[in-house]
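Listed after this line are the structures, all set down as structure tokens.
Common to both upcoming complexes is chain A, partnered first by chain B, then by chain C.
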Partner chain A sequence: MGNRYKTTGKVFRSILVTLPMFLIILLFTTHGNLAFGSGADALAWAVSAAFFTLIFYLMLYKGQTDKYRAIAFGVSAVLFVVGFMNNLIEIRGSISYDAGNIYSCDIPFCHIVSTMVIIPAAVKQTIIFGGNLQGGFASIAEMLVIVAVAALLLGRAFCSWGCFYGGWDDMTSRIRKRPIIRRINTSFKYFSFAMLILMALWSAESLIPQYCNWLCPFKAVTEGERIVDGLTLAKNIIFYTLFIGLVVVLPILTKKRIQCATFCPMGALLSLFNKINIFVVSPDREKCTGCNKCVAKCPLMAMRKNHVPSMTCAKCGRCVDSCPTEAMNFRIRGTSAKVSASTARTIFLYLAFSFMVIFLGSCTQSGLAVIFKLIF
Partner chain B sequence: MDYLSALILGLSSGLACISVCLPGILPILMGRRTSVRQSAVFVAAFLTGRWCAYMMAAAITSVFATAVSDISSNKTILTATQLALAAIMLLFAAGKLSSQCVNPLKHKRFRAFLMRGGCLLPVAMGFLTSVALCPPFVTMVVQTAGEESVWRAIALFTMFFVGTLPYFVPVPLIGLSGRSAATKSIGRYAAVIMGFVYLYNAIKLIIS
Partner chain C sequence: MKNFVSKLWAILSVFLLLGSFIMGEQLQNMLMKAPFMRIDPYFSGGEVEQTLDMGAFTVNIHEKTFPALIGEADEGFRQITIIKNDTAITRYDIARFAADSTTRVEITDNTPRVTSGGKTTVINEVGVSGGKLIFRIPLTKNTAFNP
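After this line comes the complex of A and B, so read on.
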């Protein structure tokens, strides 16, 4: 594995660097309270804490970012769905919603809706979403704060380290070893920017979050509108078609995260924050041989032909791990390639992984608790 | 209704106006390789189309008191305008409509025929958007229904139109996004999305 980073291949050093993250994991998975409701909850906590600690340790020891990040990301995405659906069944008795649930502000707020509520909130002082403003499960205020913090601290890295939907097409894009569709027009990634602009405008004009109303593929694995007439049937057909197409089939065929790269308006919004984010991925020109592996491997089609990632880079680390000459690295913006890549990477991992633990850790824990309660 | 009230109505409802018009203008402005100046010309042509729709409404309202509100709620006309807007958007996205304001069609014979038409595309879009979608437009119709003087009705609508203008002033700044390939791609994709939105509106009208 070489000695790419200061912790690579060094057990003691990796454990030492993992320890603070272990404390962060303990703090944010217990919220300072070790009194669990049941044995299943306690076991779920123990397993998820151990899982995240192990993942972080392996990232440091093995010197590979993307492989272990993807494991945590994918597992969290699946367990999020388990926990989320269970929560909905407990709260309202069903995973599907209808107009009554919207009027009674019973809908959990998802971060993608942020792109549609900003303009009406700013201009018309109206929250166009039928959810709890404060308190309860996934309240609007809580999620907006999380999104704002994520945008400022991580930029688009949220799409690889925080989004509980991103793990789905990250997983499916790894199923095949080689892509079947090799040539993809990289301008398709700009479709997500068009989605951002028009969903924001259309939602502001109609006072309905139209992406949620018509186009969210993840309705297929979270909550969908109850089928009561032809219109709701059409909507559900669209949701499931988009999920199967953009999240399952196309990522398998192309080995790209098609939904995230080309469709998600949240990803487009976060890309704008990449311009001011402190962390970047950039090549050391002296080491770069122009093999273009980074261009081929990038799951979001963010890598330009000059091997500098565009603003749609989600800092997943795949280009960093796959670079044969170790030219590609995480860096702190404004520093040269000569400044320690190991230090920059470690600082970035601390930030990004902490966010993953805070945001996805509870989802993982909840999902595990549901499974353990079913088993035991 | 007096002229000041019409102006204030325009100023107060201009936000609704721009929220309806902007999704139609934005894709085309972004999808063209254009400057701020060229965008301003496009927007001016769009506003001309809007003003023509308002003048038509003013003239009809004063002559036939309830006719225009009937036109606004007339499904056939609304559906036709939505389909026309959808066609414009999808043709633009497919590259069948020229990015030049002056030559709206690439086809030689059509281009020659329409050369005298000038900025046909934005004028048509302004006209169709106002007839089909504009809630403030309907508000003015109600306020001026039965107005005795045609000229007074036209003047009221013009004051209302002037009131909505400030909201369109920043729109040409979209031209600052320059001539990048990325902006052009975003504009074309946005045109596809809006084309389907207009199509959905048309289908909804047909079914309801």
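After this line comes the complex of A and C, so read on.
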């Protein structure tokens, strides 16, 4: 009887805490306008709103963060690609771009480009990207505002809660139950900082965002350069090879998010902002038994041997979920261990999940709408 | 006290996030006032120096551009953008026009030919996008045209 009351209480509490999130989902996915263009659009909105609400409720009710975050994150990443490609076909009739699109400044601006525009913006006071400054799809101003907000409020948590690319290797790193390659030098994570410095300098010197030009694995699933000669063929081979290697094969073999952990310059930049972020993941020393599960499970190789996450922690919550003694928890920086871990977690979930819903919600909706239009 | 301030900041950050998305357009407008918010001429082609109305086409002749991180590079280009005034037109064929005092341009069958100093060269770097044909005449600092 007592257990039944306890469960009912937990359900009630979870619903109560989910309600404001439901309102946030309603507000930001409809923009206060429930007039949809078609039945498929309305259905896509309803399904995506129900999906995000259910995920948030389950996170609260089950007390597991990473498990449900990963579902929403992975689904959003795949649907983003569907919606993005469809959008490009509608706007320009093709998912590939060429010099004409670059010189016409109609390339969508992606958050990773931010790392490469910083030096020219400071030195030359120009943005080295062939995109729309404001207005239209993924404009430079829109994305820079989102990146600034994400950096200041989420830090590297953006990589686990907002990045539509991160969802891909987050998904592939979960395909196998156990890793085939077990021993990985965790120092590889610092390669992303080398990438950040290299890409920022190379791009500034050449006035071309070189990561996008040569190395972005996600060109394989978003927009690749149209193959018109040997050079563009070589670039496409590099894009697809990096995607298959860093986003598919290595994450499957290692159960680590190899692309995000070792290669992405944006991840490195956001890691620097982790230093000023109000939320941290840290262990309760009294409860920690030193079992090292958190070290082994961390997909970004961010966990140090003393069980304190390094600055590259993306706050995915895998260590929190996998800790057998519940020692690992989300905490608010500057508060004593006495401040309830569940309060800190709930506030963090509100912040991170709201970002996910607002930033990825529309991609999820448009991706779903494309699929529904194909089906019905 | 420290506990209270930290908790307050954590809660405030949720509202800051929501507020920043609600005020997204205003924040973008503020950002647009920043001096660095302009596309580098390497991509935009630089300011339009002259516009020619050629009936079926409008020709934008951009200023000479020598993009470099600091100062100007030795090599640059002048971008010419041809915009179709009639979407039914399938081919870019334009009578000869002057890009500047020493360089003349002629476009036949989507192919721009540049004549400068008695020499005619076909320009290869061409982009076609949304009813626009874009090409760039290569230049060096001391010559009008660098074929």
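The rule we apply is simple: the second predicted complex is superposed on the first by the 367 of 376 C-alpha atoms of A that agree within 3 Å, B and C clash if a C-alpha of one lies under 4 Å from a C-alpha of the other, contacts with A are read in each partner's own complex, and residues count from 1 in each chain.
What we mean here is this: contacts are C-beta pairs under 8 Å (C-beta built on N, C-alpha and C of every residue); 3 or more make two chains touch, one makes a residue touch a chain.
All values reported here derive from a predicted model rather than from experimental measurement.
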Quick one: on chain A, after the overlay, do chain B and chain C clash, or do they fit? Just give me the call. fit
What is the contact status of A:V123 with respect to chain B (first) and chain C (second): first, second, both, or neither? both
Quick one: is A:W202 in contact with chain B, with chain C, with both, or with neither? Answer first, second, both or neither. first
After lining up the shared chain so the two structures overlap, which partner does A:C291 touch, if you call chain B first and chain C second: first, second, both or neither? neither
Per-residue touch tally on chain A - higher for chain B or for chain C: C
Where does A:V308 make contact in the superposed view: on chain B (first), on chain C (second), on both, or on neither? neither
One more residue to check, A:I102. First (chain B), second (chain C), both or neither? second
After superposition on the shared chain, which partner residues are touched by A:Y190: those of chain B (first), chain C (second), both, or neither? first
Please state the minimum Cα-Cα separation between chain B and chain C in the superposed model, rounded to the nearest whole Å. 5
Residues on chain A lying within both footprints (that of chain B and that of chain C): 123, 204-205
Interface residues, chain C side, partner chain A - complex: 2-3, 5-7, 9-11, 13-14, 16-18, 20-21, 24, 27-29, 31-32, 35-45, 67-70, 79, 125-130, 132-134, 136
Touching chain A in the complex, chain B uses residues 15-16, 19-20, 22-23, 26-27, 181-182, 185-190, 192-194, 197
Please give the residue numbers of chain A that touch chain C in the complex, ascending. 24, 28, 92, 98-106, 119-131, 133-134, 139-142, 144-145, 149, 153, 204-205, 207-208, 278-279, 332-336, 339, 343-344, 347-348, 350-351, 354-355, 358
Provide the residue numbers of chain A that touch chain B in the complex, in ascending order. 123, 187, 190-191, 193-195, 197-198, 201-202, 204-205
